[in-house]
């Protein structure tokens, strides 16, 4: 009798729903912090606007992009950034460092799913406070935000959401081995951000670098979803159809998941062996 | 007699605001050196992050594009000046921002208030950030690289450049005052930096790429163009009259910064944090 | 030395609400609330006193201390410390005060305390020979030897607290504010710190102690001011405090035969530990202790007994809940 009652209350969907609600409420407290994006992002975008407007004064295309497409690139890329931003790469190391991770080892919850649904909770809040106002700003500026193929865009966005989580989470997993990782982590984040296409369309980089970027998972975080949005994919001279590149994205998600689980089990073994 | 006088003189220098500041720098450096390896790594990362703007510029020019009227080395010179300004501001006084935000959040801001010195001085003294010296190194490297690929400039250009560079630092200090003041009331919100970083992003590029309206804003209201665009133009011998208005605006901006900062301190001592 | 008259301090805070709906509404509109932290308190402290400030959290205790140290200014009332109005002449005033916070360190973690002392020397403009003499004297008094040259993180908590005291008193302040100075320390370290405070007090330094550690209060304070709900509910010597709520003693009795005591006038059974052991609180103004002992022995044959009190903890608890 007791056993079934307990089981019902702690069924996975219910637990994760409460994680989402709790995280959402917690982030109400940080609403003013999120609201900063509503100011900062438009400002950054304006700077970009002027840069490319000046550049396109004397040219019609840059590496295959028109002025309108370049603006769309940066606009959509920023929105994808809001969608994908998550802190799991910092939270896990902090838990390990402060010893708080033990509370997860003692509870019947798998940390990766817990972390993932934390991200869902945060991002719902971000959608309301960060994304919607910024989308309005872009529309006012006349940026083209109509996707070429909405169906594929949705799938691609979902995949990039999961993939960016997996990558950040995997970086955080290294906390099981290294105690102070702040400096290295910052460097890694910088590298992944550059390689994801968040700062500059990847096909503007030198050709040899583009070839490397094609094989790294980071392009699937920002560059690919934005390209799917624009409706045409090209990198390192390789062109693919939208369904093809989205399929590749899904494959990358599966690979990243397996990599993470492998690292996790090795990490836990090392961690519990060495001691909290 | 003379021995006593020189002793009093050294004491006056040692205990002056500058003396206390130097002592604070020594202390901060000693503290940071305790983790030497991590320090070097962090400084390197700081430096590499600074290269972002210049690298993007190089990539743009590599793709055959350009900013009208500026060749790539002139743009790099401008960005190098911007990085130099940051490289001096961030280690030497920008620290008042994170110092204030952190202390107000943890309740240790009071520890500075019970010292017999101006709270601004105490915050600057305990806010030296040695890691940010990496930004200075980055700035020096970019600046030198750009200079090497540009014709040598006459001394008169250098003089006007140096004067404008000082004002560039004054402007950075004004920004620091606004952010530190905000940090007193907007508890624990490190994203104050994001507001500032987005606004000064305008300073990374030649003034001429912006529309007339924006150029006015960037000269007369928040003179961000003073951070690099004007000094670069001065060094290249291409300064226009609007620079004087920019200088005036920056002084006004500084005064407003002081007023805002001390008003926020007064708020704090009224509300108890 | 310290004169406080009709001190009042009111804060305005904003409510956010606990339920989801309230939290969402608070995004747009916030409810204002005024809190009277200090409701008009007055007291005087003479030079050389060692006064303990007690009170539950949120009672107005820390607000009062902050006003006395000049980092907070009041809504109304007058404060005069050594001729200064603390918040008006802050920079001049704080030259004469020092502070030790048990939970907020003034030392830098990765470098020796001596380096932190040098920074303080510059801040307080202490001449070189005076500085050296004070540091050496205190190191000797606190038995620290060369520990001040080791990085702070390598020192034990007790050693760190001693260095905090040196830090606070380098500039020979006339008044020192102490906030939980012995928190987390072991018995021996606590004793050493207390001895140091008493010694410095004998030499003329006035101490204002805020703490929840009642042992600190008993060992150090000669006078206690209790603040609750923004008002002073007690201001007198510690002896009077002990006798404040009458003469009560806690008696613990172990007997050979069963003992089953019932609470009655003057006798309150705190807890019945077992059939042979019980703990009672006796009011000596009602019941005579020797008569009580005799009666218990006659009825149940005493095997062991202990008498304790008066209990400061009980008294303070009562004062906190008035």
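The first chain written gets the first letter, and so on, giving A, B and C; residue counts start at 1 in each chain.
Here is the rule we go by: a contact is a pair of C-beta atoms (placed from the backbone, for glycine too) under 8 Å apart; a residue touches a chain by one contact, two chains touch by 3 or more.
All values reported here derive from a predicted model rather than from experimental measurement.
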- Number of hops, subunit A to subunit B, where each hop joins two touching chains: 1
- Message: Using C-alpha centres only, name the chain that sits farthest from subunit B.
- Response: C
- Query: Which chain wins if you rank chains by how close their C-alpha centre is to the centre of all protein C-alpha atoms?
  - Reply: B
- What whole-number Å value describes the gap between the mean CA coordinates of subunit A and subunit B? 31
- Calculate how many whole Å lie between the centre of subunit A and the centre of subunit C, each centre taken as the average of the chain's C-alpha atoms. 50
- Whole-Å gap between the CA centroids of subunit B and subunit C: 44
- Note on the structure: Residues of subunit B that touch two or more other chains sit at 35
- Query: Hey, which residues of subunit A end up touching subunit B in the complex?
  - Reply: 32-33, 36-37, 39-41, 43-44, 46-47, 50-51, 53-55, 57-59, 62-63, 180, 182-184, 186-187, 190, 199-200, 204-206
- Task: Could you please specify the touching residues of subunit B with respect to subunit A in the complex?
- Result: 35, 38, 41-42, 45, 48-49, 52, 56, 59-60, 62-68, 186, 189, 191-192, 194-195, 197-199, 201-202, 204-205, 208-211, 214
- Write out the stretch or stretches of subunit B touching subunit C in their complex. 11, 14-15, 19-20, 23-24, 26-27, 30-32, 34-35, 106-108, 110-111, 113-118, 122, 125, 269-272
- Query: Where on subunit C is subunit B touching in the complex?
  - Reply: 11-12, 63, 66, 69-73, 87, 90-92, 94-95, 97, 99, 101, 104, 106, 108-111, 115-116, 118-119, 122-125, 127-128, 151
